[in-house]
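What follows is subunit A paired twice: with subunit B in the first complex and subunit C in the second.
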Partner chain A sequence: MQSLVFGLITGSLLAVATAGFALLRNTERFLHIAHGQFMALGAFLAVVLTAQWGLVPGVLVSVTVVAGAGVLCGALLFDPVKPQGGNVLLFTSIGLAWVIYALLIAVFGTEVRIFEVSLGQGWDLGPISLAPGELAILAIAALVILGLWLLLNRTGLGRSIRAVASNRELAEVRGVPVVRVSRVIWALSSALAAVAGILLGVLGTVTTELGWSNILLVLAAAVLGGTGNILGVIAASLVLGIVMDASALVIDTSYRPVVAFVILIGVLVLRPEGLFSVARRREVAA
Partner chain B sequence: MSTLPFWATVLTFGLVIGMAALLLNIEAGWGGMWDLGIAGQVAVGAYSYALLTSPPDAVVPGLGLPFWAAMVGAGLITMIVSALIGWPTLRLRGEYFLITTFAFAEIIRQLIVIQRGLTGGTFGVTGIDKPFAEYFLPSAYPFILLGLAAAATVLVLLVSQRVSNSTYGLTLRAARDNEPLARSMGTAVDRVRIATYALVGLMTGLLVAPVYVWFLGALVPASFTTHLTFLVWTGLVIGGLGSRLGGLIGAVVLTVASEAVRLISVDPEHASRLAAFQPFLVGVLLIVLLRWRPEGLLSERGAFRKRAKPLDRIRRDDPQTLEAVSA
Partner chain C sequence: MTRRRGSVIPLLLSSLVVAACAEPGGPSAADSGGASDDGGDIVFGQLLGITGDYASFSPPAIEAAQIAVDEINEAGGVLGREVTLATEDNRSTVDGAIAGYQKLVSVDGAQVLGSLESDGIVALYDTITEQQLPTICSSCGTTFLDDKGGEYFFRVTASDSDAGLIAAQLARDAGYKNMSMIVQNTEGASGPAEVAEAAFSGIEGNEVNTVTIEPGRSSYAAEVDQALSTNPDVIYVGAGIEAGLPILREIHRRGYDVPIIVSPDLILPETTTVPNADNLVAALGAFDVDSPTYESYAERFQERTGEEPSPGLYDANNYDQYILFALAMQAAGTTDGSEVASKIIDVASAPGTKVYSYAEGLEALENGEEINFEGASSSLDMNENGNLVSPQLSILRIVNGEWAPTESVAIDSSLRPSA
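So, the complex of A and B:
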């Protein structure tokens, strides 16, 4: 039972990170490898800023800064190479990931940092034990995802984003301000990365490797979720988180990431359309 | 401190990355298989070599074979592992192939960390058997190693040239450019691709991984992270994806440029800034080159330009060239 709770927390944090990744993947059509480094950037900024200005202002400023950085990178680095296709965008993103990683090492150094936040004493609730801090993390993750879902499905902006995701050319012809929507998506995606990075940092530690160690899990969750629906991504993240933490009951905990990647490869080979997608992925079958 | 052995060592590393880039070029440049799992293949080859040569009574016990037998063994093991990985993954296209190879490389690295009994875990394998080390002074050995690396590079180059001039190489590029057409012309695209994947695995295990092991002197899982994969990729992108020599030149330029900063002596508090320089350079070069010179220093078009033979020109149904050739 306890591992189910841990899995739920892992999965919901993964869902926040992957939702941002999937937004970019569905609208700009490339794999944003630097997404993990945006997570690390958010966590590092928040560690430094919360120590100075207190928890809430520090977190808000870090998320805003990362969102701004995302918009800038999107406009200056990615838009000019967009005509060259997904692979060039992907490798530009890999290049950006290395640059951010190098800057993080240069500015913050390689020592491990922790948030000066206590998760509190664990409550015993029958078979499980839950700290108030863990409950708060879970609640924040759930709120962020709910907010994103409402934004995508209940607002005009969300409709524009979904229009660009399903058919960019048609959306442009129909008068959707594609460039402005793209900026919003970069801001949203980077902010989600920052939130996920900060929550992960509060739960554990903040290191410069945070980005690289999480991007593969994000990739796995995004692929398992399939393209198209944000709910698929969330379901896939939760499944991945729970299976990873539940696998600790059967085999050694060090196999945790291996389990996730084996699931990913298994699903890709056996069911290339993703776990939760109805439409076949044509590029896989073609 | 004499800097000559230092440069020999840097150049050796450059040649290791260069060899990997030449092999990646066969696979990704000509074959269109964008592989993010190079570090995994090199890790399999390197650990195979180390465990085959390591004496049975060492901390990490091995078979104690001579180095040449271990090279062949590492080549065969890496080839088999590559074929096993390639069999399911090569059916995937585009970004799914990228993700799967990426995930396989990460699984291999994690397994190396976990299987302490076999691989030494994060403590790694020390006491690597370097060929001919007993005949030379330790101060002269970097130059011997550079010679060995150069010889291995020549072999890889010969294989790469042979592929580029062969029907097999043409088939590979045809399947990349227009797979349905290549299939309809009767090419067994899947077999060509898996053979390429296995060939790259064989060469990686036989030559790239052992030279890398000699260069490292000791094996730890941290030497086989995605950093290695992207170093090779950046070298190839700098040199020109699809060109004949680009990967080698790009990789050597990249490694020499990024290692040169180690000569700058700094006080320890700035050491982390210096350590950040290589990833920074790799990242900036990738972004800048893809934007302003996506074809690299040497392009594929440049590499194959002179290959137009009279026979090719006749087929174009142009009366002028027909006359010119028949005259």
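So, the complex of A and C:
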């Protein structure tokens, strides 16, 4: 049971990060490798700003700044090369990842940082132990995911985003303000990265390696869930988190990341469109 | 003090690249250590983790190295030539060490190598031996060097064997029977942990539960849960700061209030702020604070940095290694790598006139005397394998928010697994 709780925490943070990644993938049609560095940027800004201004203002400003940075990067770096296709966008993102990584080292230094936030001591709830801070992290992740789902499914903006994801050209013909929607997507995706980075930092530490150490797991969760489906991605993230942490019961914990990638390879071989692909379900239904 | 992270493939590829690149411009066995007696400056190389896990250790290490180089040049240099310090970042990784080594030797023209951590030492052992580059490490505890040093590799810090034995000894002397060990899968962390595990479990009635972790995780909750599942009465955490901090906080979060023995990598200011800081205890090579060399060095270090030297950061060891290089080079009368390497144990160990600075050593050598340099970190007397004969060891605890030595300790050699 305890492993299940740890897995839920791991999976929920992965879900927040991967939802942002998948949102951009579905609409802008490329793998945003720099997403991990936006996570690290958010964590670094927050760890510095919360020490100065307190937890809530520090986090809000950090998320806003990262969202703004995402919009700027989208407009200035990615839009100009968009006509050249997904590969160019991918390599632009890889380049951006290294630039942000270098800037993080230059600005914040290489020392390990920790949030001045205590998660408290664990409550013994039957077979599990859960600290108040861990519960708060779970709740925040759940609220963020719920908020994203409501935005995408219950608002006009969400309809526009889904229209752009489904068929960008048709959406434009039908009067959807594609450029404005694109800016919103960049802001949302980057903000989700920042939130995930901050939560990961609160749970562990903040280092310049935070982005690199998480982007592969984000990619794995996105592929596992099927990149065309946000809810599938969230479910896949939770599955991945739980399986990784539950695997500690039967194999050495140092092999935990290996478990994630074994699952990924298995899914790629058996069901390359992802476990929760909408397209596949539509095909089957038809 | 380094990591085993990453697969063998990039290591092999990197080694091939080093080998391929080193031949045309870099030193070969014939060139002997990359040195050339061309009358220019002599370059002392320093390869260490300026970024990554060991970043906290590098600023004092670089300052200490510069203090040594300044002292050498103020005394007239080596063989009448100025010494310069070339420093490269190995990113606290094996592949970074290989790339940094290549640059130091081929581009910077380093004639000796200092400061490299354990993983880099292990990875570069064959290359350095082939290229005959005198190498001293100031903080590498790897047991790999226990019987492989003495020709081109020397160290001015305790072996991990000693650090591991002390950890087991501490637990034994406090009467603990059930130890859980959380150990990062890196050379620097696993070396002493293996020795501690073997020594502690070798005592009748003792039990050890070892959990291996990979660095770079956002959370170590599952690992800590596994470690606590055997209800240990003492915990050993052998990890870098990136993994160590969340592990220590996780142990506290789970309400576990037992002594925690930590590896030297965690003797850092950051660990003094964890909620269970009062439970932490560590063993570390100590500085010989009564030595005139230490007093002189400490004064200059404080002038430059505003800080006291710290055994946990190995700064005095970094100073010592470069004074040793300079004295060995002077004793050899050449910068030739194999000649210099053959003099390092001689100038560091008895017999010989005890000297406490480079200037004193230089004068004694010019008078035709044998010398025995007494370092700032310890006496530096070495055995035939280039390991310290009697490293200073202290028990450290957190007192008033700072790591402080609380007692000295001698190793009980009966704990050695082979004894």
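Assume the second predicted complex is superposed on the first by the 278 of 286 C-alpha atoms of A that agree within 3 Å, B and C clash if a C-alpha of one lies under 4 Å from a C-alpha of the other, contacts with A are read in each partner's own complex, and residues count from 1 in each chain.
The criterion applied here is as follows: a residue touches a chain if its C-beta (ideal position, glycine included) is under 8 Å from a C-beta of that chain, and two chains touch if they have at least 3 such contacts.
Because the structure is predicted, anything quoted here is derived from the model rather than measured.
Overlaying the two complexes via subunit A brings subunit B and subunit C into a clash. In the superposed model, A:T205 makes contact with subunit C only, not with subunit B. In the superposed model, A:T10 makes contact with subunit C only, not with subunit B. By the touch criterion defined above, A:V269 reaches subunit B but does not reach subunit C.
Look at A:Q52: by the touch rule set out above, it reaches neither subunit B nor subunit C. By the touch criterion defined above, A:P257 lies against subunit B and subunit C together after alignment on the C-alpha atoms of chain A. Overlaying the two complexes on chain A leaves one subunit B stretch of 91-99, 181-189, 217-225 or 235-243 clashing with subunit C, which is 217-225.
Looking at subunit A, you'll find residues 105, 109-110, 252, 254, 257 touch subunit B in one structure and subunit C in the other. Remark: subunit A residues 2-3, 6-7, 9-10, 13, 105, 109-112, 114, 118-122, 124, 129, 131, 134, 200, 203-205, 207-210, 213-214, 245, 248, 252-254, 256-257 touch subunit C in the complex.
Interface residues of subunit C facing subunit A in the complex, by the touch rule stated above, are 50-52, 55-56, 185, 211-214, 216-223, 225-226, 241-242, 245-246, 249, 252-255, 270, 273, 275.
Touching subunit A in their complex are the following residues of subunit B: 34, 88-89, 91-96, 98-100, 102-104, 106-107, 110-111, 113-114, 225-226, 230, 233-234, 237, 272-273, 275-280, 282-287, 290-291, 294.
The touching residues of subunit A, when paired with subunit B in their complex, are 31, 77, 80-81, 84, 86-88, 90-92, 94-103, 105-106, 109-110, 212, 216, 219-220, 223, 252, 254-255, 257-258, 261-262, 264-265, 268-269, 272, 281, 283-284, 286.
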